[in-house]
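In what follows, structures are represented as structure tokens.
Each of the two complexes below includes chain A, the first together with chain B, the second together with chain C.
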Partner chain A sequence: MSALPRPSTIFLAAITTLVAVLLYSPLFVPIVSSFFIISHGNVDWSSPTLSTYVALAGNHDILAALRTTLIVGVCTVVLSVISGTLLALYYHGRRSGRSILQFIVFLPFLMPPIISGLALLIFFREIGLERSLLTVVIGHTVFVLAIVYRTVLMRLQSMSRTLVEASYDLGASGWQTFWRIILPNLSSAMVGGAILAFALSFDETMITILVTGTQSTLPVRLWAMMRLGFSPDINALVALILMFTVLLCVLAARFLIPKQMATERN
Partner chain B sequence: MSQNTDLLTLRSVSKSYGTVPVLHDIDLSIRDGEFLTVLGPSGSGKTTVLRLIGGLEPLSSGEIQLDGQDISRMPINRRPFNTVFQDYALFPHMTVSGNVGYGLSVRHLKRKEIARRVGEALELVQLGRFAERFPAQLSGGQRQRVALARALICQPRLILLDEPLAALDLELRRQMQEFLKSIQREIKTTFLFVTHDQEEAIGMADRICVMQAGHIRQLGTPHELYYKPNCEFVARFFGENNLVAGRLGPVQDGQRPIETALGRLVCSISDQPHLKAAPDGANAFAAFRPEALRLADANDGDNRFSGSIAELAFAGSSTVATIMAGADDAAQRLRLRMPSRIDGSALKSGETVSLCFAPHEGHLVLA
Partner chain C sequence: MSGAGSTHAAERRLSQLVTVLAFALPVIFVLVPLAIFLVYSFFGVDQGTIVYAPTLGNYVRFFTDPIFLPVFWNTIVLCVSVAVICILLAYPAAYFLTTLKGRWRYALLMLLLVPLLMSYVIKIYAIRSILGLNGFLNKALVALGVLDQPSTLFVFNMNAILLTLSLLLIPFAILPIFLSLERIPQTLLRASDDLGASGLQTFLRITLPLSLPGVASAASFVFVLAIGDFLTPQMVGGISGFTFGRILYSQFGTAYNWPFGAALSVALAIVVIAAILMGERFGRSRGTSV
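This part shows the complex of A and B:
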């Protein structure tokens, strides 16, 4: 740090601040403005209010979309955590086939969502699956699987192999070893992965638009609302989504930092 | 303690990883109640022997017998052995008592019974106060003792320890050596202890098994290994030694001469029939310990030669001299160790002296 001469340190600090402000301040605009009335493009700063939130709560379309989002999120989490964990367990320690599998698992995550969405859409049409919440859940699971798989696999790899050997050595069966040694050591990684999966599913728009039937999730609803014009409850909705997503990410980070560090602190 | 019956026997056990052979035709008998140490340089196959016995790896060929029964195919969780792993392998999500009781709880013992025996085991390793701590909250020595208690509680026939003290500092290591030894005397269980530290092996073992490159080179008490090594490797590996190459002469009641660059040296061959049977003229080494070599006086006739003192090193209780002996073109580098004296050593650096060792303090090793 202090290896740099003083003027350039100041310069760097100024640039960093500028970039941070430019990049992140737009995120705070909807949060702040969701508490004020906007009329004819002018914000009335004099009277903070919760009226946008009240309006939002009375909007049945949005409440229905929220319910749909939660259902899809929960189903996606359950499916992706179970299959991601099984995949990680199966491929841990196995050389052959692992890189191919990883490639396939990561593909939908890395590809532009519109491509993944279209591919899924064509696939569902080919096998004759009606577009519905089921197809949305499948789409989301395919999308977030990579995150869960990766999180669980990393925990497995950091787990000492001798733990499992010690369990067998002490007389435990394979089943006992799984439930009493492996799973407890993976659980926080699974919870962390689940939260990330939920956050991703909560925000997912492009794939959802392509594979959903008549029901829309919150981001899709938002998208539709935007096309009709800017209304104050959008501010409130964006603010809520933003805060919720940040909360999820903070939670996920708590579960994913190594246990060791957590215990060393106290 | 019935130290004379065999508990476990390895019969021509071989092991390869893929196409790479790691153990070659190992034969080994472990006696009931003994403290057997496996000693050898890194990569000699010590851990592999332990893993084969514990059931963590399958044999490539051969047989392992427990009380005369073949157990080569018995699954690891049925074998009445427990392992203390080098990295301890304590379960991080369980408390000390959870760890120690694990072997009993997977066998569905009653809670009360488990609690009682965990208490006893923790008392034995002097960790009663730490029952509710997690492994991350213990010191290295304490973790070591938890691992030991966890292995002991299942009352195994044999405890396997793979360099359990390697991660500890010197002082703690000494304490743990004594501690392990005293526990072994108390519970009278057979210990198979792997190490590459020969002082540790000498201090703890009833018998030592020396391994090199996947072979067992010698199995015997520390005293036997030190004074009657059966091959050049053991003679050089185990303790400091002087080896002088030469050719064997004819046997003369319990002794045998060897013609070397230092002249004719006579060494004891008692209780070593293979040395008696070796043909005349066979290549061999005369071997004598630094503490057996001394300054010759007028009465000494046997094994006498002269040398010059190249270096003199004070090492506390003893002083070690490095000596170049024999003719210049075939000079042998020898070591001599003598007790230190407060008024200085009788030897002077650069001096030429007359040296000897008693025939019964020298031995022969076939080349």
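This part shows the complex of A and C:
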């Protein structure tokens, strides 16, 4: 698309820069404040400090919330990867009922989280399940399931049918074929799906607010604190989380992108 | 032999289990809650307890009470505006990405999508501090001479919600537009160039029409995400920035009227489904297979 003349390219580059600045400015604020002291909107550039990070280490409230978030994240990943893979394996290649079941799986992801969250809230109440971390994990799993399912299904669809046929021809049982052929081929998609699921669970706020009990996850804790204003150590936490998410993002790209690009080229 | 036989039996039992789970999981955890939710919207509330008798009262109240319909309408207008702002910013950025070569293209795309992974609550907080009276935006506008003194125009009102949601949701507009632009065959552009069209003509006659499906998907994504959000309005909207999501959320908190909240959710769901279907309808790329 190099047909456009120069001024328009400059215009496009300018808008892109503006968008990048707009997107990163909200991230920039907490990171800067984690190293410098800000009062009345003025940054004191003269004295960088790590005191916020030290304070964070002593903030048990936040660290407990972080631990809760990690527990919920891991449980969500395990449940969603197992059930997402299971659903993908089952629905793959099946005609009857697939599109309707698939639609149901996608619903919580498509619907606004407030609707999924409220529906689950009423559901838990009707079946007499107390709000707790269990209900949070169920809520997160229902929400991220579609992503894991779709990631695994796409890999299944790009997987050559001949692999499975060859395995059967060579006398392997269905069980052996599954463990030796199908699962190894799906593993990187499952890891990619797991990372995405974890990232979504880690930041899920709206469903969590509705279905959580007394223990709150980090986003919900932050949400509750925000009304009063944050203490500076939160900025340190934000900077750390940002680094962590960028790392996760790079990892996810590693596991997901190469294969997809390869299939696109075929 | 008996070992093989029992393996087969075990396999069969496992596959039966898989079949049951494949149907049960989505039905129990998605369909049943949504169905109960829908049923709830036909219940009533009497002095803080839910009355399990069918009534249309919630819907009648939604349509007749002078509060709800205007807020509902204003929220729709707000979210359409958010979608328009996001697309106006995302389209040039996505277009710029497609003019880049190879690795740079995806690196920059990644760069524009990474902010999505950052904590939503933290971003809202940071944006609020930027928009606030002592915030960066006011400082910049005063320094540039646009404003004489810091203004409260950008925080705790509808403008604040509009700006914050737009800022939060831009990446959701970039991705679908980028994908639709990338799918346009280069041969079409070269053909147009060979036939003597100017860059602008090629853009208006070839690129723009072929990328409209991506724009439609982007609009529906952004709209749906914006209208379902109750955190942003709650945080930056103040007293005057009242949106439908906030009213809905309050039915499950302070107002404590779950059935009415369920009825409001049904109204929200109808708008969302309409938006998704429209995105789906216009989001199908028709021209690229030519």
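Just so it is clear, the second predicted complex is superposed on the first by the 253 of 266 C-alpha atoms of A that agree within 3 Å, B and C clash if a C-alpha of one lies under 4 Å from a C-alpha of the other, contacts with A are read in each partner's own complex, and residues count from 1 in each chain.
By our rule, a residue touches a chain if its C-beta (ideal position, glycine included) is under 8 Å from a C-beta of that chain, and two chains touch if they have at least 3 such contacts.
Note that the coordinates shown come from a computational prediction; the quantities given were computed from them, not determined experimentally.
When both complexes are overlaid on chain A, the residue A:Pro113 reaches chain C alone and has no touch with chain B. In the superposition on chain A, A:Ser173 makes contact with both chain B and chain C.
Shared-chain residue A:Leu247: touches no atom of chain B or chain C.
In the superposed model, A:Val238 makes contact with chain C only, not with chain B.
After overlaying the two complexes on the shared chain, residue contacts for A:Ala57 are found with neither chain B nor chain C.
Applying the stated contact rule after C-alpha superposition, one finds that A:Val21 touches neither chain B nor chain C. In the superposed pair of complexes, A:Ala13 makes contact with chain C only, with no contact to chain B. After superposition on the shared chain, chain A has more residues touched by C, the comparison being chain B against chain C. In the superposed model, A:Trp223 makes contact with chain C only, not with chain B.
Looking at chain A, you'll find residues 173 touch chain B in one structure and chain C in the other. Of all residues in chain C, only 7-8, 11, 18-19, 21-23, 25-27, 29-34, 36-37, 40, 89-90, 92-93, 95-99, 106, 108, 110-112, 114-115, 117-127, 129-130, 132, 134-136, 139, 167, 170-171, 174, 186, 189, 192-193, 199-200, 202-203, 207, 224-225, 227-231, 235, 245, 248-249, 252, 258, 261-262, 265, 268-269, 272, 276 touch chain A in the complex they form.
By the touch criterion given at the top, residues 54, 56, 76-78, 81-83, 85, 87, 89, 91-93, 102-103, 106-107, 134, 136-137, 150-151, 154 of chain B touch chain A in their complex. Contacts from chain A toward chain B in the complex involve residues 160, 162-163, 165-173, 176, 180-181, 184-185, 259-260, 263-264.
Touching chain C in their complex are the following residues of chain A: 1-5, 8-9, 11-13, 15-16, 18-20, 22-27, 29-30, 40-41, 83, 86-87, 89-91, 97, 101, 104-105, 107-108, 110-116, 118-123, 126, 138, 141-142, 173-175, 199, 203, 205-206, 210, 218-219, 222-223, 226, 230, 234, 238, 241-242, 245-246, 248-249, 253, 257.
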